[in-house]
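These are the structures, in structure tokens.
Look for chain A in each of the two complexes below; its partner is chain B in the first and chain C in the second.
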Partner chain A sequence: MKPIHIKKEAFGPAMAKAMETYAVAGPVPDREDAKRRHLFRCLEKGETPDLEYTATQLSPKALLFPQAETMFRFKVPSGGKKAPFLEAESFKERPLAVVGIRPYDARAFDMLTLNFDSKDYKDPFFLKRCHQMVRVGLADTTLKDTNFSTACGTGPFDTTALDILLAKTEDAYIGTVITAKGKSFAAAAGFEAGSAEDTKALARMKQEAESRMRPGPDFSALADADTLDLHGEDHWARLAFSCINCGSCTFSCPTCWCFDIQDEVTGNDGVRLRLWDTCMTDLYSAHASGHNPRQERFKRFRNRFMHKLKYFPDKYGQGIMCVGCGRCIDNCPVGIDIRTIIGEMNAKAAGAAKAAGTAKTGGTDKATEAAS
Partner chain B sequence: MTNPYHPYPVTIRDIRTETEDKSLKTFTFVFDSPEDESAFDFTCGQFAMLSVQGVGEIPIGIASSPTEKPEVKFTVFNTGKVTSHLHRMKAGDAMGIRGPLGNGFPMDRLAGKNILIIGGGFAFTTLRSFIESARQPENRHRFKNIDVVYGARTPGMLLYRDELAAWEKSGDINVHITVDATDDQDWPYHTGFVPAVTERCAPASDGNTLAIVCGPPIMIKFTRPVLRDLGYRDEDILMSLENRMKCGIGMCGRCNIGRELVCHDGPVFTLAELNGTPGEF
Partner chain C sequence: MELNDTLRDIAKKLLEEGRVDAVLGFRQSSLAHMTEPFLATTAEQADQLVFNSCCRMNLAVYLTPDLFRSGRPESGKKSPRVAVTAKGCDSRNIVTQIQENRYKRDQVHIIGLPCTGMADKAKLLAAAPEGIDTITEKNGTLILSRDGKETVVSKTEVLQSNCLSCIIRNPVIRDEMAGDPVPELDMDSHPDRFADVAEIEALSPADKAGFFETLVSDCTRCYACRNACPLCYCPVCFVDESRPQWVGKTIAPTDVMAFHLLRAFHDAGRCTDCGACEAACPMDIPMRAFTRKTIKDAREGFGWETGMDLNLRPPLDRFDLKDPGDFIR
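Then we have the complex of A and B:
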């Protein structure tokens, strides 16, 4: 891990230099948003990632997994004539460096990768981008109070999913180069080496940021809880009562990846697209027969939380499918808070574990009695 | 990296209307390239995406047996956007097939066993694939007795009618055909619902029999207690599910039942496996 130190006035020129080698994406004010909130997108020549931003409403997942992606092109067949299927152009994209990504959002990329890189099938679009991407993170020193990323095993300074970590000080960006990919990027951008002072400052900032965070929810009892018990609890209809199944939570979430597949045709030319989808709508799971295993709204709500907090951890053994970014809490129109849901689920699981524990101890006591 | 969303180009060789109400047609396809044809290496019980450029793609069970290659067959019920478009297509038309997908029937587990096949309505398609394959002289010795209970609403709604008659005549499998009702005085087969006919005709399990059950939820619901009374354990009952699907390769998330993805971990599960899921199918 090598310290770096970039004076703020040197950052723009460094990015211009990096763009000679890399395509660069980063946070910039959204031209189409009246409030000029920031979003992540690929930058044009002359643009610089705005590292003074605080938060983005949408996560940066679109850089790897665009909201609409062409999977292949085709000609519409007519009159019994052959019409070929043609590859999409996206394979020609240049390696992308995302600069200014929050460390916990980068961790979310690793969770998405578990889905798109399975034993039997590889998603070529996601994986090619993911393998080429350089992740230059920006520590979160302007944490919202909905953020509970440390409780999710990552945090505002987490380096585990980054190639470079930067943090903002008064007059400079200080940080550390973590991987070989990061080293190449730092060289291409001409980042200056830092000192032991910078390393110390970074550690101090990390500690300060984390100590300011509110305690996160406790989900310690979920891992060992029985899946069918959690699914069968009687609290789901109550927890889901105000949810209008709008899907804002899934769209803004960095770890949600569901997609739909649709064809779009103009004249004789067509594309098959994949589009972000949300498990919150009824058509999502409706069978062709009209039967729907998740017809009632609360069942869709339950599926989202069970997937994040139980099915995913059970399947991959790598913790929950949530990095605690807080976006679903900020964006929910009816104020549903995943921390509350986690709390309720965990309380039920802990209660069940305690009851089972008592039963077991009771059993042992009897066994001891019988033996004596 | 290959693109798993890319279909193989195919041509429709033949279209056959199966039922009196014309709602079911069987499509026979041939692959445009021999490499694609050999890459499409499937087992009974798998499905594929039928892909019409500009309209969309849908999961359909493979109705033909691997022994019928190079042709592949699918029987499609006319219900929505893609299926109604398919029903308007003609022999010679070009389209695409993506697959094979899913796990298929566990052929290793089925080997050496008595097999009881129970089908209702148009969920009979992949069962035809299995029966057609198992009947072949090179395969028949791999299985002990094969019993087939198959029912439809009326005689005119039975799929593959010529074949059913031929199977019965050949005597290498026991066929129990039934319809809910008919006014045909000379109807030579059973009348009554599938669960009732199963109760009357199906062999009890000797612990060495596997049941494969495919049909509408209501048929499955009433067949379960019958099978239990006949001594079938939940581990020995196989079912094929039809959850809504998009990608078919375990990526899009759509077909989940708890942590299982029906397109990839299924569509064939034992009843015992399904008992361990949240049951959202």
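Then we have the complex of A and C:
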């Protein structure tokens, strides 16, 4: 954990220097006329990540998991004379340094990895990018009201998923180098060493930022809750009433990882694509038979929250599938707040646990039966 | 009496007297600048109903066959009756849905809301970058409070752009009003009404293509615009058809443009410019640039203004020798 101190005017040249070794991605204003919105993307030579940004409407997940990605190309043989042809998409990307990522968004990358690097399946595209990637975080000192990242076990200054953490002060970016990968990047960019003062200032800023955060939701009762109790229909239809089943929450979510596979063929040339998908749509769960287990709107809504707050923690044992970035709350056109949903689910779970305790039933484990 | 009190009293009375099975309206969301569409089925729930400058969604979206099926079973009625709170634009969409045989006029009880426009979410947040705890409305101003500090903005300055060219602020059909009707803006024949469209029409074909491509370049195809739209009620949208699949699912310009253009044409003669699509868009895409053109064309080609009269048939399902459009002669 080595302190670093970069004067703001030295940051642009440092990035130019880093670009000699790394491809650099970072937050940049999306359009000149849309100052309030920044997007994460790979930068061209001469561009610098804009660390003065406050928030991005979309998470940086597309850097690891693009919205549309070519998996391979193929030729459809005509006339049955030629053999089918298949060519894997070659991976030519340079090691990518993501500069200015929020610490909780970086934590979300680790959650995505659970899905793309499983025992049974290792996704070559995702993993290659992920292993090469350097994560240079920017502490969030302009937290939105909707951010509840500390309640989700991460936070505005969380270093667990970062290689370097930076924080913005009046005239400099101060921070700390966390990993060997971070050390290499700091060397390539020529980041200047900081002092013990910087370390102290960073700790003070962390405490100050976290103390300003509003209390987050409580989901303590969800882990031991009965899956089928939480799944019950009545309250979900009520909670889901306003949901229009668009994909603004899932597409802006840093931890939503679902995708669809499509073949696009023009003449004899084909390409297989992997595309973001969203469980909010009817098509997502439509079976080839025509049957759809989630025909009603509220069932799709229920699935999203049950997956994030119950199925995922039960399966991986690593907490909920949410880093509390608050984008789904900010982006929801009908004012649905995941904190409210967590609150309702937790209250239901706590109520059920209390009732079970009073009746001294205990022992029956419907969740285990349902899962088996 | 405050409009919200009147609104709640009306809703409670309707529910208590059993004249309706549910009241569809808005309630305050967890964020000060947001409201949430809400279905009150008891007098107690009716106390949550609100109407303010943040009721951007169009409630006609929720008047679905499912809603008319899902009334209280104990009421013993075959088809439940639903009361709906409606702004001017919402009411025009209700007219359109009735014309399109979605439901019958007597299935909905319309509680009219006099509307002075909706506050643009982005403009509100820009006016109060520190955040907003509460919003109070008073004499054409919005008071945005944060930790005791107040920012006062004029409502006109933060209005959604569609509200600035609104032609009907009071509901065209209603069973009762929750407040006194507000004066109309007389924008329907205003020379500047379609100035925005004329500006795009004046571009060369190549510039026009470039304009629209830039316009939708941030689209993630989340379909919030479509799902917030009371016109988009097809059982399966053309972009979701999979057998056969008509449109690619990528975010390449061709696929994105196919979605937006086809949707706009599908809304021709049906769009009321309620602005729900733009209010719903998480990427702030001004996609009304597409639908505004269809509104202008419907007016110029067919003398048609959407959803103004239950007794008229829409321009695309009737033949009229007196259509003003010379192009069909």
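By our rule, the second predicted complex is superposed on the first by the 341 of 372 C-alpha atoms of A that agree within 3 Å, B and C clash if a C-alpha of one lies under 4 Å from a C-alpha of the other, contacts with A are read in each partner's own complex, and residues count from 1 in each chain.
As a convention for this text, a residue touches a chain if its C-beta (ideal position, glycine included) is under 8 Å from a C-beta of that chain, and two chains touch if they have at least 3 such contacts.
Quick caveat: nothing in here was measured; it's all calculated off a predicted structure.
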| task | Assess the superposed three-chain arrangement around chain A: do chain B and chain C clash, or do they fit? | result | fit
| request: In the overlay, answer first, second, both or neither for which of chain B and chain C A:Ile336 touches. | output: second
| request: With the two complexes superposed on chain A, say which partner A:Asn115 touches: chain B (first), chain C (second), both, or neither. | output: first
| task | Tell me which partner A:Asp260 touches in the superposition: chain B (first), chain C (second), both or neither. | result | both
| request: Could you say whether A:Ala286 touches chain B, chain C, both of them, or neither, answering first, second, both or neither? | output: both
| task | Using the superposed model, determine the angle chain B, chain A, chain C defined by their C-alpha centres, to the nearest 10 degrees. | result | 90
| field | Touching partner for A:Ala223 - first (chain B), second (chain C), both, neither | value | neither
| task | Return first, second, both or neither, reflecting whether A:Arg294 touches chain B, chain C, both chains, or no partner chain. | result | first
| request: Pick one for A:Cys42: touches chain B only (first), chain C only (second), both, or neither. | output: neither
| said: Between chain B and chain C, whom does A:Ala352 touch in the aligned arrangement: first, second, both, or neither? | reply: neither
| request: With the two complexes superposed on chain A, say which partner A:Pro84 touches: chain B (first), chain C (second), both, or neither. | output: first
| query | Upon superposition of the two complexes, what minimum C-alpha distance (Å) separates chain B from chain C? | reply | 5
| Shared chain A surface residues [contacts with chain B and with chain C] | 260, 262, 286
| What part of chain A is in contact with chain B in the complex they form? | 71-72, 74-77, 80-85, 87-88, 115-116, 118, 120-124, 127-128, 227-228, 231, 257-263, 265, 270, 272, 274, 277, 279, 284-289, 291, 293-294, 299, 303, 306-307, 311-312, 314-315
| field | Of chain A, residues touching chain C in the complex | value | 30, 34, 36-37, 39, 57-58, 67-68, 144-146, 241-242, 244-248, 250-252, 260, 262, 264, 273, 275-276, 278, 281-283, 286, 296, 329, 331-337, 339-340
| field | Footprint of chain A on chain B - complex, ascending | value | 1-7, 9, 32, 53-57, 77, 79-80, 83, 90, 92-96, 216-217, 242-244, 246-247, 249-254, 256-259, 264, 276, 278-281
| Touch list for chain C against partner chain A, complex | 29-31, 34-39, 56-57, 61-62, 66, 122, 125-126, 131, 218, 220-224, 226-228, 236, 240, 242, 248-252, 276, 279-284
